[in-house]
Amino acid sequence: MAALLEVQSVSKRFGGLQALSNVGFTVAEGEIVGIIGPNGAGKTTLFNVVTGVYPPDSGRVVFRGADVTGAAPHRICKLGAARTFQISKPFADLTVLQTARIGALNRIRDMAGATVKALEVLELMGLAGKRDELGRTLTVIERKRLEMARALATQPSLLLLDEVAAGLRPNEIQEMIALVRSIAAGGVSVLIIEHVLEAVMRLSGRIVVLNYGEVIAEGRPDELVDDPRVIEAYLGEAYSLA
Amino acid sequence: MAVAVLVAAAALPLVAGQHLLTAMIVALHAAFMALAWNVAAGYAGQFSLGHSLFYGIGAYASTVLYLRLGLTPWAGMFAGAALAGVVGVLLALGVYRYNVYGIFFALVTLGAAEVAKGLADNWDFIKGPVGILLTMQYAPGDFFFLRREPYYFVALAMLVAMILISLVLERSPLGQYFLAVREDEQAAEASGVNTYRYKTIAIGLSAALTAFAGSFYAQFYLYISPETVFVFEPQLTMMLGTMVGGAGTAFGPVIGAMLFSGLGEALRNLPFLENTRQVVIGSKMVYAVLLIVVLIYLPGGLITLGRRRA
Amino acid sequence: MIGLDAILQTCLSGLFMGSVYALIAIGFTLVFGVTNIVNFAHGHLVMGAMFVTYLLFKTANVDPYVSLIVVLPLFFALGALLYTVVIQRIVEAPHSAHMMVTLGLLIFFENVANFFFGGDLRGITTTYTTSSLIVGDISIPIARLGAAAVSLAAVIVLALFLHRTSLGKAIRASANNREGAALVGIDVGRVYLIAFSLGTAAAGLAGAVIMPFSLVSPFVGGEFILKAFVIAVLGGLGSVAGALIGGLLIGFVEALSSLYISASLGNAIVFAILIAVLLYRPWGIFGQARV
């Protein structure tokens, strides 16, 4: 399978803090790759570097064969990588439909076509009934879904999800897992940061473990569960699949 | 309903006296300006305090082209708009590279307008602080009329066109990009919107449209100078009208601007009131209080009383 | 060839003018630094104080410096009133709301002044309005010297207040980190109230002290606030010392421009400086760069 995303030796420093240190991994087409690690491990920083929010100090980001290191976020979205934000950023004074449609306009030039696509995605995310509600009126979970809808509407080949399961009740987590699975089944590769281990363990074919900005382990979920480095850094939670 | 209003508006000159007509012209002109500013500030969230820059460019461009080259201001208006648009784009390209937002962006634009005023005051080619006087004459081919009625129809036509432009913009992809930029630039970027490009387009478009209002001002009042067009007054009219009426809508700025400007002008000319000066000043005090009250309790503007905004 | 005397005199008057600007800007920058609110009406508050000072002089022959006994508490109270009735309701709102609401206050004050006093320029003549110290070939107007001294004193007093008193520290804490301050028990609402009132009182101070050598009309507020913007940004929004240095710099630039080119071009230069600072170093001379 072709490598969709290649992160090569990426490092990023903020003042005195080395947020990322020589981080490297790949995401192949058709994969769901999870990123886990304790708080402050650099996971969101990694997303920001990959999606162009800021450039790395060193290293490269290669997406679909093209070097996109330091490219503007909108360009990376155009190339096919869409992300959600950890703290969702809804368009407060726009309707749910308008929000999804802005994502759809990424690929579809006309309003009618974009509207159709937007409604399609909203249907998938279960938000079609709220199409005329303003972003500010949505609950936390609805906002997360809208984040995902907006990202999906851009028709990405790689979807970067940042802690979409956070704050969800157990039944909602199951729904989210099913949702991400169906998105992946639709042909979108997924890179998912997650704290809710049940979600990331169940979804990911492969997991990359970060700690203090470094990759300390990488492998299949069942391999990592017994890895002493991972356990030492992080695991030991209530959720366990062993 | 819109057709009825339009018909009534077109018929107004039949019944209105010169004073009322003048008040209406001022109101229509103010509404046009407000909608022009609304393109950048209401739709795209770029709160500029320096739009008098573009207003002045419009006024001077059409006037100078007429006086020096004999170009009819009907065409000169468009030249002025093009020039203002270019200036706006250049300004935006330069400024947005530096990630200025909010009050800082507002102050940069204010600074730009003040710089323009200072430069205009020292530029002999446009007669500096003395200003330029245009002759009152009847020359319809050159946008000069003796009676108020033609100016009224021009202002009305301009406003209708501007409203249509706003409505089309609201329903277009460009308009959606503007809204995304206004709401959350980072999220917009992540969704594929080139915020740098669209902020620049918003400023350029808004600048060009504002310039038309400046040209109209020149042809109606027949005197322009840095002290009349590059000062804060036009900016104030645009802002007050838009913010009170409802930024980010096609009709909010119209309502707000016509309310403030039209009433103000009408009050000034009421024939049967003594102590007009006190009344005018008193009414401005009332407006100021109204403005504050609306801004605090109806942040979406007066139009939210009717419906939800775009 | 312009003589050295003329240049020195110009520099001096530039510095004096600058200290006046600084005095006007101090209250403005303090309010912005603490509450993050841009008070467009600040210049009009200065205008109001000038009128009050004028009235007290004309009706009761009260010297402007003496009238401070009335003006300072009066304007502190006015600031508190404005904050309670208007400002505190928009503290959480976006900057555009701050601008519009304070613009509304500006329009209100301007028309109140116009209503009662009319549009003409007025001035007062105190015993020292025309007196000057002569040093060699340089003349130093006493009234302006007084204003400059007050300007410096105000900066020192405010700095001491902000750094040595617990209320001052509470103010600085709230300015630095609003939530953090609230979490450690600081009543941020009260801090904002006091900061705004202090800023208004500073406007009162400025108005009273410049009256001996200035003319007032309802329309002078506009020029004041424009200068205040430039100086506050140049010096660093929130920095009182920065307002002083920034004021002196701008006064200097203006005076030299008037001498060598023209006043209006000088104005253009001042605003070009504003733009440059906003683009390249928006935190000003004394501010701190934030990521």
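Chains: A, B and C, in written order; residue numbering restarts at 1 for each.
The criterion applied here is as follows: a contact is a pair of C-beta atoms (placed from the backbone, for glycine too) under 8 Å apart; a residue touches a chain by one contact, two chains touch by 3 or more.
Keep in mind it's a predicted model, so treat the numbers as computed, not measured.
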| item | value |
| --- | --- |
| Most remote chain, CA-based centroid, reference being chain C | A |
| Interface ranked first by C-beta contact pairs | B-C |
| Chain occupying the middle, per Cα centroid | B |
| Chain A and chain C: spacing of chain centres that average the CA atoms, whole Å | 50 |
| Where chain A and chain B are represented by their mean Cα positions, the distance between them in whole Å | 44 |
| Gap in Å, rounded to a whole number, between the CA centres of chain C and chain B | 31 |
| Multi-partner residues of chain A (each touching 2 or more other chains) | none |
| For the chain C and chain B complex, residues of the former touching the latter | 38, 86, 89-90, 93-101, 103-108, 111-112, 114-115, 222, 226, 229-230, 233, 262, 264-269, 271-272, 274-275, 278-280, 282 |
| Touching residues on chain A, where the partner in the complex is chain B | 51-53, 72-75, 77-78, 82-83, 85, 89-94, 98, 101-103, 105-106, 109-111, 114, 134-135, 150-151, 153-154 |
| Chain C-touching residues of chain B, taken from the complex the two chains share | 41, 47, 49, 94-95, 98, 100, 102-104, 106-108, 110-112, 114-115, 117-119, 121-122, 129, 232, 236, 239-240, 243, 278, 281-282, 284-285, 287-289, 291-292, 295-296, 299 |
| Complex interface listing, chain B residues touching chain A | 171-173, 176-177, 179-180, 183-184, 186-196, 248, 308-309 |
